[in-house]
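Several structures are given next for inspection.
Below are two complexes that have subunit A in common, paired first with subunit B and then with subunit C.
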Partner chain A sequence: MEIRKNNGPLKWILIVISFLFLTIFLLLPLIYILSTAFRQGIGAYLVSISDEYTIKAAMLTIKATLWAVAVNTILGISAAWCLTKFAFRGKKILSTFIDLPVTVSPIIAGLIYVLTFGRQSDLYPILDDMGIQIIFAVPGIVLATIFVTFPFISRELIPVLTAQGTDEEEAAALMGAGTFTIFRKVTFPHIKWALLYGIVLCTARAMGEFGAVSVLSGHLRGKTNTLPLYIELLYQGYDFTGAFAASSILVLMAIIILILRLVLEKKGKKELDIKK
Partner chain B sequence: MSDRNEEAYVELKEINKHFGNFHASKDVNIAIPKGKLVALLGPSGSGKTTILRMIAGLEQPDSGDIIIAGNRVNNIPGSERGIGFVFQSYALFRYMTVYDNIAFGLRVKKVPEKEIRERVSELLKLISCEGLEKRFPSQLSGGQRQRVAFARALAPNPQILLLDEPFAAIDAKVRLELRTWLKEMITKLQITSIFVTHDQDEAIEVADEIIVTNQGKVEQCGTPQELYSSPASSFVAKFIGNSTVIKNFDRFKYFEKAEEAEEAILRPEFVAVFKKGESVQYTSSAEKAVVEDIIFRGSNLEVRVKLYDNLISSLRSINEPIVEIGETVDVFIYRMFLLNKDRICLVHNQSLKQESVVI
Partner chain C sequence: MKRKSIIPGFGISFGLTITILSLVVLIPLCSLVVYAAKLSPSEFLYTVTRPRVLSGYYVSISTAFVASIVNAVMGLILAWVLVRYEFPGKRFLDGIIELPFALPTAVAGISLTHMTTTNGWIGKIFYDAFGIRIAYTRLGITIALIFIGIPFVVRSVQPVLEKIDIQCEEAAFMLGADRKTCFRKVIFPEILPALISGFTLAFARCIGEYGSVVFIAGNTPYETEIAPLLIMAQLQEFDYSAATSIALVMLLIAFVILSINALLQSSVAKRVNGKS
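And then the complex of A and B:
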C-alpha cells in the first residue's frame, strides 16, 4: 500500500478538488435552499410548511413512495429469484426488460401510461365503467412511481443471488423444506442487506420522481400534486419561500435516507465479515 | 463378475437425459445392491453428477425408470426418496451455525427439539467436531466442512447417501485421511452410498464397486479388480491403470503375429525392466531399450524406457539394483491388451508359450 503513505502534493490537490466540488455542487445549493426558505423569517417558513397543500403534497409523495417500495419489493424479489434460480425460455428478454425503466426517459414512461389508460385507449371505457380513474389521479401517480423505480431492488438482488448459486436451496429442498421455509431460512438471510439497500435506493428515487409523475398527474392542487410537482408549481408562481420550504422537507427526507443507507452499509459489512 | 444376483436397491433402467440438444445420459443402466459403497468414475463432463442428481430427484430423466427399494420413484419428490446428499461444494447453509445446519432436516420434519439435540450431539461426536456447534461454516477448515456436510446429510437417517466429488475441494494430505475416514463411516453405518469422482485412485481405494462413465454412457460396472483385469471397452482399458497406448505394437518381439487390432495398451505391471545380465530367463526374448526417466514413487520406482518410439512405464522395487537414466536395459513384455474397435483381448508374449512347450 505504498500509495496510501504518499503524503505528496497530489493527495492534497485531490482532496481540495473533491471538497471544492462538493461545496459548489452540493453544500452551496443546500445552504441556499435553507436560507431562501428562512429568508422571510422562521414564522413565514412554518406557515409555508404547514400550508394545507404542502402537507397534502408531502402525504401524497409518501403514499406513492410506500406503494412503490411495497410493490417493487415483491416484484423485485420475484424477478431476481426467477432470473437466478430457474432456467426458462425468455429469461434474457425478461432480464433486459427489467432494465427498461432506467434507460427510458421518465417522460416517455408517463406517456406510455397516458396512451394505455387515457381517453383514446380501448381500456378507458372499461375502466371508466368500473369507476376507476388512472390518468390525472392518484393511481396514475403510483403506477408511474412504481415504473421508474422498478429496477432498483431486483438489480441489487441479482448479483447476490447469482453469487450464491442454487446449492443451498437444493440442499434444503432435499431435506423436505417448502418454498417459503427455504426463502425464509436460506435465501433471505443472504439477500437481507442487498434488499434493504435496494429499498433505500428505491425510496430515494420514488420521493424525487418528477418526469413521469408530471405527465400523469394533471397538477390538481391538493389532489394529484406530489411534493416535487408542488415545489415546481410554487416556484413558477414566484413563491420562493414556499418552494424552498417545501424543498427543505424533501431534503430532510433525503438526509434521513442517506443516514439509513450509511447505517445499513456498515451493518451489512460487519455481518459479511463474520460469515464470509 | 461380482454377485449379480444380489437384489438391487437403487436401480436406473434405460435412463436418457438431455440438456437442450446435449445428450447428457445415454441409455444408462445401473443396479446398486443394498449397503454397498459404489463409485461413479469418469472424466469431467461424462455425466456423473447428472446421474446422481436424477437419483436425488434434482433432475428429471427424459425417459427410463428410477427404482429405489423396488418402487419406481420418478414421480416422487427427492425429499421423499430417503436420500442424503453431500454437494460438491458442500452447500452448507452459511448463515446458520454448525448446529443449525445439522438440525435443519430434523426441524423441517418437526422432530421434537430434545431429540434433535441428542441426534446432533451424537453426529457431532461421530464426525469428531464436538465443540464446533456454534461456529459458522466459514469458520471451519475444509475437512471439517466436509464432515459437517456429511453429518447434515445423515441427520434425518436416510437409506441412501449420495456424495458428489466429496474430496475434490480438499488439499491432498487431508484428502487421504478423509477417504479412509469416509469408508470406515459408511461401512459402520451400512448405508447404501454412491459417490462421484474423477480420480481412479480414489474410486479403487474406497469403493466396493465402480461404475465407469464416459460421454453420458455407462462403460462398465464391476469391482476394481474386474475393471483392472477385464476391461469391457477400450475406454475403460485406457482410463483405468497407468495405461500407455501403443500404435506400432506389431514391431514388438513376439507380438508380431497378434491378430487384427488397431492399437495396444501396456500397463506398468505388464512390463519388466532388467539391468543387463540381471535376468537369465528372458534374455533371449527381451528387447533392448534406453532408460529415459525415473520417478520415485515411495515404495518403488517408475522406470520409463523408450521402445520403438513409445515411452513405456515399468515398476522396479527400490530393493533391486539401481538403474540409471541413459542406461541400456532389457525390457520384457509379458502381455498387452489389444484393442479392435470395442473388442479387447489380452495377448501374451509368444515366447512364453514356446518356452512352456519346450519345458
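And then the complex of A and C:
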C-alpha cells in the first residue's frame, strides 16, 4: 500500500495539469457558448430560441434521432442475440460489418448514400417513379443518422450477453418457453441497463451529427435543416446570438447525457457485481 | 451454417440483422465499390495527385497526428491521475472527459472558433502577447482535433491501469527499483498496448473529422483545407468521380492506420506474454 500512497509534489503537479487541460479545452468552450448566447440579454436569447426555424430544425433533429434510436435498438438486440447465443460461420465478418460505420469519415458516409440514391445511380429512376426522394431530403438525413450511430447499441449489449452465457436461455427453452418469452423474462432483465446506456450514447451522437447530414441535406430552411446545420447557417450569417442560443439547447442535452451516462454506468456495474 | 442450439430465435434475429445491415450499410458500400470500379485509373490518379488534394491529405494527417500525440501524453496523465490519486473534484473530472462525445461537433467547432479569433477570449491573449493567430490556421485545426480526441486515450488506458496488480510494483520496489524505474519497466509496458490503440483510434477519427474543424480551419486552399472538406467541395459541384477518388484514398489511409495498430497489438502482446 505504501508504494502507491506516498507521492509528494508530483501528485499535485499532475492533478493541476489535468484540471488546467480539461478546463481550457472542455469547460471554457461550454461557458463561452452560454455567455455568448445570453450576451444580448435574456430577451434576445428567448427570441432566438423560439424562432420558427430553430424550432423546425429541432423537430427534425428529434425525428432523425428517434429513427436512429429505434432502428439501432432493433438491430442492436437482434445482432447481440444472434452473435452471442449461437455459433455460426461468418460471425466475425458480421460483427466487423456492424462496427464498420463508425470508422468511416462522416463525409464518406454521406458520399456513399449520394452514390446509391443520387441522380447518376441505377436506383434513381425507380425511386423517382415511386415518388420517393432520398438525398437532399428528410429520408437521407434519417439514413445518415442511422449509419453514423449504427453499432452504438449492439456494442453495449454484446459484452453483457457474452458474460452472461447461454445457460439460462437453454434452461428456459427446455422448459418450453418461446423466443419472446425467453427474451422478455430471461434476457431482457440482464441487458436493460446496457440497453439504456447504448440508447443514451446513440442519442448523443445522433442529435449532433453534422458531416454526413450536411452532405445529404438540401439545406432548406425549415425543411431539411437539422439543428446543427441550422447553427452553421446562423453562424455563417454572423447571427452569433442566434447560433449560440441554438447551441445552448444542444449543450443542455449534452450535459443531461453526461449525467445519465454516469448514473447508468453505476447501475450497470452494480448489476454485474451482484452477479459475481 | 449454424450448429444445433436449443435456444430459439436464430432465424428472426439473424434475418433482422442482415436486413438492416444490408439496407443501411452493405448496399451503399457496394455502390461505392461499383462506382469506384467504373473510374478510369488515369482519371483517378490525376484527381488524387493534384497538388491541392495532396496538400489536403497532408494537412489532415499532420494536424491529426500532432493532436493525437498531445492527446496520448495528456490522456496518459489524466488516466494516471484518475486511477492513482484521490482528490476533491475527481468524479467531476471523470465525468466531463466524455464531453466531446456528447457535445455536437458543430457546436464545439463554432465555440472554439469564436473563442480563438483575434477578438476572442483566448485568441486575443495569444495574438496580443505573442502575435500568434489560432483560428483559421493549422494550429486552430490541431486544437479542434485535440478537443475531439480527448476521451479516446483516457478511456483505453484507464481500465488497464486499474487492473495492474500491486504485487508487481511491490516486487519491483523490493528488488530496489525506484519510482521512475518502476514506472518505466513495470507499469509502462503493461499499458503500452492500450496507449497505442487509444492513439490510433483518436488518429483515425481525427483524420476524418469534419464538423468541429470546418469552422476553425478557415479553409484556405493549400494552407488549411482538410481532405474531408475537399470531398465536400467536389460533391457540391456534383463531381462524384473526383469525390469518390479522394474518399477512396482516405479509406485506404484509415485502413492502413488500423492495420498498423492490429500488427503492433499482436507484436506487443507477444513480447509481454513471452510467447513467439
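We adopt the following convention: the second predicted complex is superposed on the first by the 263 of 276 C-alpha atoms of A that agree within 3 Å, B and C clash if a C-alpha of one lies under 4 Å from a C-alpha of the other, contacts with A are read in each partner's own complex, and residues count from 1 in each chain.
We adopt the following convention: a residue touches a chain if its C-beta (ideal position, glycine included) is under 8 Å from a C-beta of that chain, and two chains touch if they have at least 3 such contacts.
Note that the structure is a prediction, hence the values are computed from the model and not measured.
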Next on the checklist: Per the contact definition in the header, classify A:26: touching subunit B only (first), subunit C only (second), both, or neither.
Outcome noted: second
Checklist entry - First (subunit B), second (subunit C), both or neither: which does A:17 touch? => result second
Next on the checklist: Per the contact definition in the header, classify A:121: touching subunit B only (first), subunit C only (second), both, or neither.
Outcome noted: second
Next on the checklist: Quick check for you: in the superposed arrangement, does A:170 touch first (subunit B), second (subunit C), both or neither?
Outcome noted: both
Checklist entry - Which one hits more subunit A residues, subunit B or subunit C? => result C
Checklist entry - Once the shared chain is lined up, is A:74 touching subunit B (first), subunit C (second), both, or neither of them? => result second
Checklist entry - First (subunit B), second (subunit C), both or neither: which does A:223 touch? => result neither
Next on the checklist: I'd like to check the shared interface: which positions of subunit A are touched by both subunit B and subunit C across the two complexes?
Outcome noted: 170, 173-174
Next on the checklist: Help me check something: in the complex, which residues belonging to subunit A touch subunit C?
Outcome noted: 1, 3-4, 7, 11, 14-15, 17-19, 21-22, 24-30, 32-33, 36, 71, 74-75, 77-79, 81-82, 85-89, 94, 97-98, 100-101, 103-108, 110-116, 118, 120-121, 143, 146-147, 150, 166, 169-170, 173-174, 178-179, 182-183, 201, 204-205, 207-211, 214-215, 227-229, 231-232, 235, 240, 243-244, 247, 250-251, 253-255, 257-259, 261-262
Item to check | Residue ranges of subunit A touching subunit B (in the complex, touch as defined) | outcome: 165, 167-168, 170-177, 181, 185-186, 189-190, 274-276
Checklist entry - Inside the complex, what are the residues of subunit C that reach subunit A? => result 1-3, 5-10, 12-14, 16-17, 20-21, 24-29, 31-32, 35, 74, 77-78, 80-81, 84-85, 87, 89, 91, 93, 95-108, 110-112, 114-115, 121-122, 143, 146-147, 150, 166, 169-170, 173, 204, 207-211, 215, 228, 231-232, 235, 240, 243-244, 247, 250-251, 254, 258
Next on the checklist: Which residues of subunit B touch subunit A once you look at their complex with the stated criterion?
Outcome noted: 56-58, 78-80, 83, 85, 87, 89, 91-96, 104-105, 108-109, 136, 138, 152, 156
